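Right after this note come the structures.
Two complexes are shown next, each including chain A; its partner changes from chain B in the first to chain C in the second.
Moving on to the complex of A and B:
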């Protein structure tokens, strides 16, 4: 078993007011059109002003959350930068591909090409922080964030002295992406208000979303907010495999199902993806169950928002009303189990505990 | 020539996304790189694409390119002599 990694700071840009952190998930944002776009931040505070003019939204989101997480932790240059993204900079990729067609592959803009690459954000962060260390971007659809956290855990477990890793994820939604995915039934035909999403789990489809989340991780407890104890990933798994995975995870950490104070589920209102959550609700009979995709919409790295949310719940010892699926008066929030499933067949379990 | 310079400035502002700038903010003879507009190497590539797309001009010699991209004035003069569109 790998050692836990400690979260020193967490930052998120999401369709909710998560970046300014004045009030925990207040005011709540919603939408009626099946799409949840991020509440944008004042990027100029975090991004090189000369370079910002040519950046697309996801790049500004990624760099700003990364720099904000580092600032909160009081770290100017991490030892490694490890990120995950399902789709990378979609907008730049779309522009580049359209130009290729329209201009018959001639006189193509270099900026769109450079920024369409998945590791573009990591490059920008490395330039801004002058970080020459390990730099990696994982692109594995619904497990991209999880694999970046696993790699960070490996990096920090192998380190012989105190090290810090900046880990995070980012994904954006474009009109084109929404249109294409609609053709393969990703989205709900009858669109509910986003806040009612979970109540519509008897029909196919979900709503689209986007966001970025970054974490400063380290291998020494110090003044950490919380710890990531374990990350388990499954691809195209049978329900019984995930079920066994939950038991193995709890056993490995000497926990009973009752020791999980909050179960944080990635339910997205899609009846085709509900079974894994129904199973977990039986296996982990915790009185407090929460959901988050009514706030973020669905995207490949939505679990990054869940990790941010878990760290905030432990930091503030609060469970906001807006994420409550089932609630009782939990005395203290010590252990949170995140369960997330993505439409491409990936499932993940992340155990977050008090440091 | 004056019309060409104004149009060129508009194209530069759009291609490089120089937010908040107007053609009047760009001096004809001010250096585009370094002190002047503070553009960088990626911008120089964008300007080469701009010349190719809008005027059919392909500059393959880097030294020549550096001279052409010195200022709006030098760009406009080069365009006048070599444009194909």
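Moving on to the complex of A and C:
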């Protein structure tokens, strides 16, 4: 079995006040138009000042979150950089594509092309940190972040001494992406206020979102906020497969279902994707159930926000009201199970525990 | 000591043809697959030579038993499925279903080859039409998921996108997953089809050659783009032996190291390429003198070949034959790492140095020159380089079984 990886620091730019966090998820941000955009940060503190002028939002937020995570951990250069993204810099891709069509393949700006390359953020982070180490980018829809964490776990399990990995994810919701995916019923027709999303789980569709999250991970426990014990991924799985997956995961870590203090669910308000959560609520009879997509909207790497949230819950030993789905007085938050399902049929389980 | 990982089946599609025999024969005949594209609809079609796979989408679909027309499969996916089908014909689907399998795929622009022809419909008010079949095909995982579904496989899946080193990364990830017991075996590789998006991207960077590329030549003027797919089945040596498999090569080492120099250009002194090769040798527990052939990244761009040749010279001196096979296939981007791994393995198996086409004049900064003739040498270990945008450098080492 692979060893746990320890989270030394976590950083998130999201539609909530997570980056400049003075209070845990306060004040709460919401929207009424079916879209949640990130609360932007002062990217100039983190990004090369010459390059920043030409960068799209997702690149700036990706680099800033990454650099902030490293700063929090007091690390200038990690041993590896591993990221996951559903779409990379979609805006650059759209710009290059439309210019190409409109200008009939002439006089195109190479910057958009270069920045649309899925690993361009990895390259920038490596450049800014002078990191010559392992560098990897997963572009695998709703499991992109999970695969980057899993690869970090492989890397750290192989390491013979203490090593650190910067792992994270980023995705941006563009207007065109939102428009296009509306044609295949991604979004709700009758749009509730975002904070009421989960209460509208009897209709089709969700709301759109975006964000970036980065983590400094290591293979030694000292100073860690918490540990990622296991990551399991599924594609187009039957409910019974995920159900067995939950039990295998618990068994492997010598946990009973009631040892899970908080179940953190990626419910997105879409009735078509609710079944896996209903199953989990039966299987893991924890008194405290939380949800997060009413705060972030749905996007391919939303589970990165969930990992950030879990690490914050363990660090602060608090369950904020705004994420509570079902609650009782949990004595201590030791184990959090994240369950996330994405529109394109993927499901993931991530077990986060006290270090 | 870690178990040795071996290659036990391969599948390949490139401008040289479909399958092992066609590709190998073209290499041995020094026959390039570059031509003006017939299928890619681009303003550059009459201007640039490209490594286009000969078959149309309908012909590719027909070989897979799929209907023609807008069948919902992108060319990227069709190419990949034809390569994977070769692996399946060697080992069978039940074998691949029998024990935990990983499918590590790689590509650079997913189904852009289809999306670029429909994007105006995507963003129009139209809500109905064939374009809907392709509305979820822009991202890189589209091919991965469709391939698995088509062949009724339920592997653990991952899709990597690190530009031109993507499928080399897929190979090293598969090896690590097997080593750590996550899966028993892994199909690893990559696919990319030509798209106007990519052709225009490289053209806007002004590093595309109109004529056949000349890797490591003083007068090189840029790269030719290509398309294709390459996949390798990896497993532990003991497992391959136990099932009586033909072991094609030992996957003895690898390294992924970032240049951290520039978004698209390599360190001019070749130090990053050197570091990557050095780490791959260390992982393989080999010395530079153990390597008997280097399959270079050799894109024939000004910057790559200048940096890579310095690195090769610094590491191997004048003693190790090297060549770039890009003049045969064009630069197949995310497929290149896997396709060239397959070429390197053939060189190893056949004790044959693959020649570098179109070379006439040596570069001034280095004294080393690429191999230009087919020569027979006893080969023991070969090294293959793949260097990508974002400074993503990978070297792979294969050893004779």
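The definition used in the following text is that the second predicted complex is superposed on the first by the 355 of 355 C-alpha atoms of A that agree within 3 Å, B and C clash if a C-alpha of one lies under 4 Å from a C-alpha of the other, contacts with A are read in each partner's own complex, and residues count from 1 in each chain.
As a working rule, contacts are C-beta pairs under 8 Å (C-beta built on N, C-alpha and C of every residue); 3 or more make two chains touch, one makes a residue touch a chain.
This one's a predicted model, so the numbers in the text were calculated from it and none came from an experiment.
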Partner chain(s) touched by A:154 [first = chain B, second = chain C, both, neither]: second
Partner chain(s) touched by A:53 [first = chain B, second = chain C, both, neither]: first
First, second, both or neither for A:108, with chain B first and chain C second: both
First, second, both or neither for A:30, with chain B first and chain C second: neither
Which superposed partner A:354 touches (first chain B, second chain C, both, neither): neither
Chain B versus chain C as contact partner of A:72, first or second or both or neither: neither
If touched residues of chain A are counted for chain B and for chain C, the larger one: C
Touching both chain B and chain C, residues of chain A: 106, 108-110, 114
Chain A contact footprint on chain C (complex, rising order): 42-44, 108, 110, 112, 115-116, 119-120, 122-123, 127, 132, 135-136, 138-141, 144-145, 148-149, 154, 156-163, 169, 173, 176-177, 179-180, 182, 196-197, 200-201, 203-205, 256-264, 272, 275, 388-392
Chain A contact footprint on chain B (complex, rising order): 15-19, 38, 40, 42, 45-46, 49, 52-53
Residues of chain A that touch chain C when the two form their complex: 2, 81, 86-88, 93, 96-98, 100-101, 104-106, 108-110, 113-114, 117-120, 122-124, 126-127, 129-141, 143, 147, 151, 154, 157-158, 176, 179-181, 183-184, 233, 235-236, 344-345
For the chain A and chain B complex, residues of the former touching the latter: 50, 53-54, 103, 106-111, 114
